[in-house]
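Notes follow the structure.
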Amino acid sequence: MTPRWHAITGAPSFTTWVSVVLMGLLFAAGATAYTGFASTQVVLNLLIDNAFLLVIAVGMSFVILSGGIDLSVGSVLALTTMVAAWLLQVAHWPAEAVIVLVLLGGAAFGALQGVVIHVFRLQPFIVTLAGMFLARGLCFLISVDSITIDAPLFVTLSQTQIPLWGGAFLSPGAVIALAVLGVGLWVAHATAFGRTVYALGGNEASALMMGLPVGRTKVAVYALSGLCASLAGLLFAFYMLSGYGQHAQGVELDAIAAVVIGGTVLTGGYGYVAGALSGVLVLGLIQTLIAFDGTLSSWWTKIVIGGLLFVFCAVQRLLSLKKAHA
Amino acid sequence: APLVLGFSQVGAESEWRTANTASIKAAAKEAGITLKFADAQQKQENQVKAIRSFIAQKVDVIAFSPVVESGWDTVLKEAKAAGIPVILTDRSVKVADPSLYVTFIGSDFVEEGRKAARWVLERAAKAPNAALNIVELQGTVGSAPAIDRKKGFEEVIKANPKLQIIRSQSGEFTRAKGKEVMESFLKQRDKKIDVLFAHNDDMAIGAIQAIEEAGLKPGVDILIVSIDGVRGAFEAMKAGKLNVTVECNPLLGPQLMQLAKDVVAKKPVEKRITVNEGVFPAEVAAKELPNRKY
Amino acid sequence: MSTPPARPPAWRHPLVRPLAALLLLLAFAAASVPGFLHLEVKDGHLYGNLVDILHRAAPLMLAALGMTLVIATRGIDVSVGAVVAISATVGCVLVGSQGLAAAVAAALGAALLCGLWNGLLVSVLGLQPIIATLILMVAGRGLAQLLTDGQIITVYEPASFFWLGGGYLLGLPVSLFVVAVVAGLTALLMRRTALGLFIQTVGINPVAARLAGVHTAAIVFFVYVYCSLGAGLAGLVIASNIKSADANNAGLLLELDAILAVTLGGGQLSGGKFSLAGSLVGALIIQTLTSTIYALGVPPQVTMVVKAMVVFAVCISQSSAWSTWRKKA
Amino acid sequence: MSTQPVLALSGLHKSFPGVKALSNVSLRLFPGEVHALMGQNGAGKSTLIKVLTGLYQPDAGTITLDGQPIAPKRTEDAQDLGIRTVYQEVNLCPNLSVAENICAGRFPRRWGRIDWAAVHAEARRVLAQMDLDIDVAAPLSRYSLSVQQMVAIARALRISARVLILDEPTSSLDEAAVQRLFTVLRRLRDQGLAILFVTHFLDQTYALADRITVMRNGETEGEYLASELSRLALVNKMVGAAPDQQPSRLDSRSAGTGEPVLRAEGLARRGALQPLDLELRQGEVLGLAGLLGSGRTEAARLLFGADTADAGHVETRGRRGRWHSPREAIAAGIAFCSEDRKHEGAILDLSVRENIVLALQARAGLRLALGREEQQALAEDYIRRLGIKTASADTPIGQLSGGNQQKALLARWLATQPAVLILDEPTRGIDVRAKEDLMDQVRALAHREDGPGMAIVFISSELPEVLHCSDRVLVLRDRRAAGVYRRGELDERSVLEVIAAEPAAQAA
């Protein structure tokens, strides 16, 4: 192989690029197989429908890069929709105040988990698992039923279509999600906080000995993830115009899968926040393919999702193994 | 070209749902309609995604069984803007503008709860002096059938103060959980249990096992009422272990296909179409069992 | 400086805190629910909440044993619930026509295949455990439903099939004996062979383990196969207990409970030291909590909050930081 | 030298469960001096430093900085007070780039974002002080332990401070690198910095230190001016008894007459080692000498199968081929003690006993190689023979001092009684006495009275050690062999000449 090829495969962002290429192939396959697939709007729908997942995945990227995990994100999302809906519809708060409050609340919930993890030296998996039960449970304390939101601001944000070329459009939620991704990239790669997150994931004991602010960073990472989860909750509320305790079941696993598919290593320290986008798009693309196919039963849907996930991860892995041997 | 119907199903979380899917698939084939079927794995966001992809595919009609009632305005507006009519099945939606969907065909969960309660009321009327202690096995917390069936049931039994729900716990619509929770109910010996109300047949079937294992006779020592009317329930009734099941008919397929054709042909359709649903007490079980398709 | 090699005092034993949590929970239940601890003999076997807890915890304990070993190698297996569904359906589909022995063998065989698949992805292909097993978690339930066409398979006979999950032996549920045998064999395997040492070594420092000559790939392979087999057995116990297989719901979220059980028992998700007994106690804590919630009549919408609070409390009380923190305060 | 210490500790106590690591320790550090902290393995030096820098909290005692009492709770606190530290094991993040490791915590910024150009320039500047010219944007894990150690030092040197603490900074550095480091340290001392320096090399102590504090068994034995303490007295005070004067017994029996046990032909791996031929005979010690990055570790790893070779083959008794894993090499009777004990050797949470029996057990497979009692006996035997300082055989190895971990890992491989033993920097971090014992052991293992001994490959950055131990010395340069010399054919100076020869000269 040429040295140029080596330079490419040797680059640390290689796995992320593999995702992008595979995604292109997947899309091409869909475009040839199904009519109407190769349209701009189908691509934009990936962003519109998965905006909330992207925001969660950005937060999750930081947590995973720091060597932790946050299972509570899906429940925090649901709790956010629930609290927002309740405040808007039952307590009649102004929408702006609600938005600020739930964002702060999400960050506080995350920070609290971070404090418990740090102060009591507990495992993130367990603390956030309990956090997941707690947030989900709190939803049902507010109401077991779903609450429809009709606050004008939410409705406008929900139904605005930002026109692009040729009749295609994006939703405000998708734009916000892309902005969050941008901010996430900047924080991860251009701020001391971001680099400390990587250091934590590389070796926590060393980070401590290097005099980096380990405790503060850890708490901040979970707060950030909580903030992203509640922002995702708002996007979800814009998207669905309802608050509901059953919203976004199992989204934490989707987010983790997206982050890992995007090339981030689950044990921390290696990966790119940008990978979250490719991971989310891959998952969305798989779903879109299945919806376009339209012949699969429930069980074949599951099997095909698993199968495509496998093919994707295996190809990615084999290519990077080759790289290791090269 | 054949008519294209995009249908977004909730999932395959129960036998009832599977029967519902099977009925729709079979009816579409029969009616010569091309069915685009998408399974949402019990998630509303997946349903929204599916509906968006139906719009992108420019199907002729969209039908779906909403996971939950609220949260459909935006995507239904997009469908309307694309000129695609929408039919709701199985449960309704709450939208600000009712013109967002053409019609709703399906059951009424609240009514099912009421029917179950009415049967209990009748039973209570036969023994006017005794108080009846009821235990309730709820469905998944927050799910629409669980909320509505509970609501309907409670609404009706209020009429008789001797009827008391002494315990209520979620059995998550499954046999295993239904059995586990019932076991726990039976261990508490402060009050005698007279009636069990289960939000679906599967939980009732699990609970029947628990009652038998506790040395009691289900259907005799404890009266059992449940909802759905799946095959297993009829078998249990035939064996005398279940007293009554309130039907919730999943076989909407043929009706749905006819509606789809009508809607595309711009024929006027009613906004609300109820399906025929009965109440099947144990007495008719043996006769009815061979007719059950699911 | 060279104090004699002090054996840690008995109260420092790692099992003490989980056990204390379990006892505390039981004590609370006994105090707030009259007759919670009541036991009687009915139909020739013991009957009461305590028996129920043990009985209901059996599948979780089986899953937790396997999860313990997986976690000890720094891995995780989120496909446990799917494997439960697969083995339960295979067993129920076959038991009527092929007989008990064949059905059980086929169910465990299916679980074994699942384990081999997971092991292949993690150990040979080198995928990250959570993703590798996520694939089976998603697809496995689909495969199980494919077998049953989405229906619940009810088993009417042979009655011998119901013995595993519903029968009694010496007055106790048979499932408990299954757990005892599996736990005993596992403990023996860990003590009487070097497997335990290798598993810990691989979990703590895989690089050093390889350089010391440990066959790391084989060890990783083994733990996933073992974990799936445990899940398969759990699936049979569950199916036998409710006399049916529900591919969509059997073992749903069992993996999370199993992981929780391992950590409540003192296991570290970062791998290394593990305690089989601790995981069993962890599983019992979870089931006791559930049973207590039922017995107390906590409304279902509050259940999750209560569960979360107890998990928080148990975890915090077990953390070493808590003791130092309390001392200072 | 001023009379007022910058940093002073007194009455410091620190215990771990079952171990009293520090008792009543005191130390004074003056501005403008290099202060050596000396003591045997496990004497408490590293613990003292960790207490001083807030990593551990003392049980009792006071620390004062400029006369003000301080109580650092975290390493950040110590840093803010102007105390910079290089800890014993390399404590950096392998996933970050070299430049980030140097600058993390205090990045140069511009407009609120990290100024990456400045970060890289800064890193290159600090590394240049030590004559190290490497790609600072590459991840740290790309580099060898020695380079990593220099990076750790560079990190500490980057920010000017009041006190600089170095815990065995030279353990993996070669002579030239040590000299460059010393030049830097002397300059800093002359600028008024107080430097605390831990080493096991007496030469380095005398070359650099103005004052020496000796620790023994967790207590301060005393403080001395370097100029007033003879080497013998120093060793004496560290050990606590009159050392046996007799210099280590050098047996002169000619060796290397045994059967060949290991032969490598054309062994190579791209980017790591040029084709290498090598023959090893029963009962001989083959030393590998060379500069940092000359390929010694790579050669050792290929011989052991830790990395797979691209070309060439290895031949052992009855087998010929390439190793695909260390297991194959171990089965063929080869043992390899890695230079990176933290990442490639110790299983930190497991006991000393388990660490010692591990390789033996791995070779035996699942069937228990030894019963519990036998394991215990074996472990205790090696603890005694190698003088491993540990509370018991059941103590987790992570709680041992660095040098004692090294000895326990050596025991792991000795326990397998290999035909070929490859030791990569086995003397790293062990004290003077232990080093001599180890070298005696190495020679004794090879040159046994009662029959054929082991074949040993001995790698050390300490040239005198290599020359002292080896029957033959293979000099490596630029990842290829630069010559093999018999014992006595070379002295330190001539080896250095071979090592330093220009590649052109070699070609000629």
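Chains here go by letter, A, B, C and D, matching the order in which they are written, and residues are numbered from 1 within each.
In this section, contacts are C-beta pairs under 8 Å (C-beta built on N, C-alpha and C of every residue); 3 or more make two chains touch, one makes a residue touch a chain.
Every value quoted in this text rests on a predicted model; they were computed, and no experiment measured them.
Q: Which chain pair is joined by more contacting C-beta pairs, C-D or A-D?
A: C-D
Q: Averaged over CA atoms, how far is the centre of chain B from the centre of chain D? Could you give it in whole Å?
A: Between these chains, centre-to-centre, one finds 71 Å.
Q: Could you tell me the distance, in whole angstrom, between the mean C-alpha positions of chain C and chain D?
A: 44
Q: How many angstrom between the C-alpha centroids of chain C and chain A?
A: 30
Q: When you check chain A against every other chain, which residues touch at least two of them?
A: 140, 144, 297-299, 301-302
Q: Give me the residues of chain C that touch two or more other chains.
A: 145, 150, 301, 303, in rising order.
Q: Of all residues in chain D, which are in touch with two or more distinct other chains?
A: none
Q: Can you work out from the touch definition every pair of chains that touches here?
A: All touching pairs, sorted by chain label, are A-B, A-C, A-D, B-C, C-D.
Q: Using the touch definition from the top, list the residues of chain D that touch chain A in their complex.
A: The touching residues are 55, 74-76, 78-79, 85, 87, 91-96, 100-101, 104-105, 107, 109, 112-114, 139, 155.
Q: Can you check the complex and tell me which residues of chain A touch chain D?
A: It comes out as residues 12, 186, 190-192, 195-196, 198-199, 201-203, 205-213, 215, 269-270.
Q: Help me check something: in the complex, which residues belonging to chain A touch chain C?
A: 116, 119-123, 125-127, 129-134, 136-138, 140-141, 144, 253, 256-257, 260-261, 265-267, 297-303, 305-307, 309-310, 313-314, 317-318, 321
Q: For chain D, which residues are in contact with chain C within the complex?
A: For chain D paired with chain C, touching residues are 17-21, 23, 217-218, 304, 306, 325-327, 330, 336, 338, 343-350, 354, 358-359, 361-369, 391-395, 412.
Q: Any idea which chain A residues touch chain B in the complex?
A: 34-37, 39, 41-42, 45, 48-49, 52, 139-140, 144-148, 150, 155, 158-159, 236, 239-242, 244-250, 284, 287-288, 290-292, 294-299, 301-302
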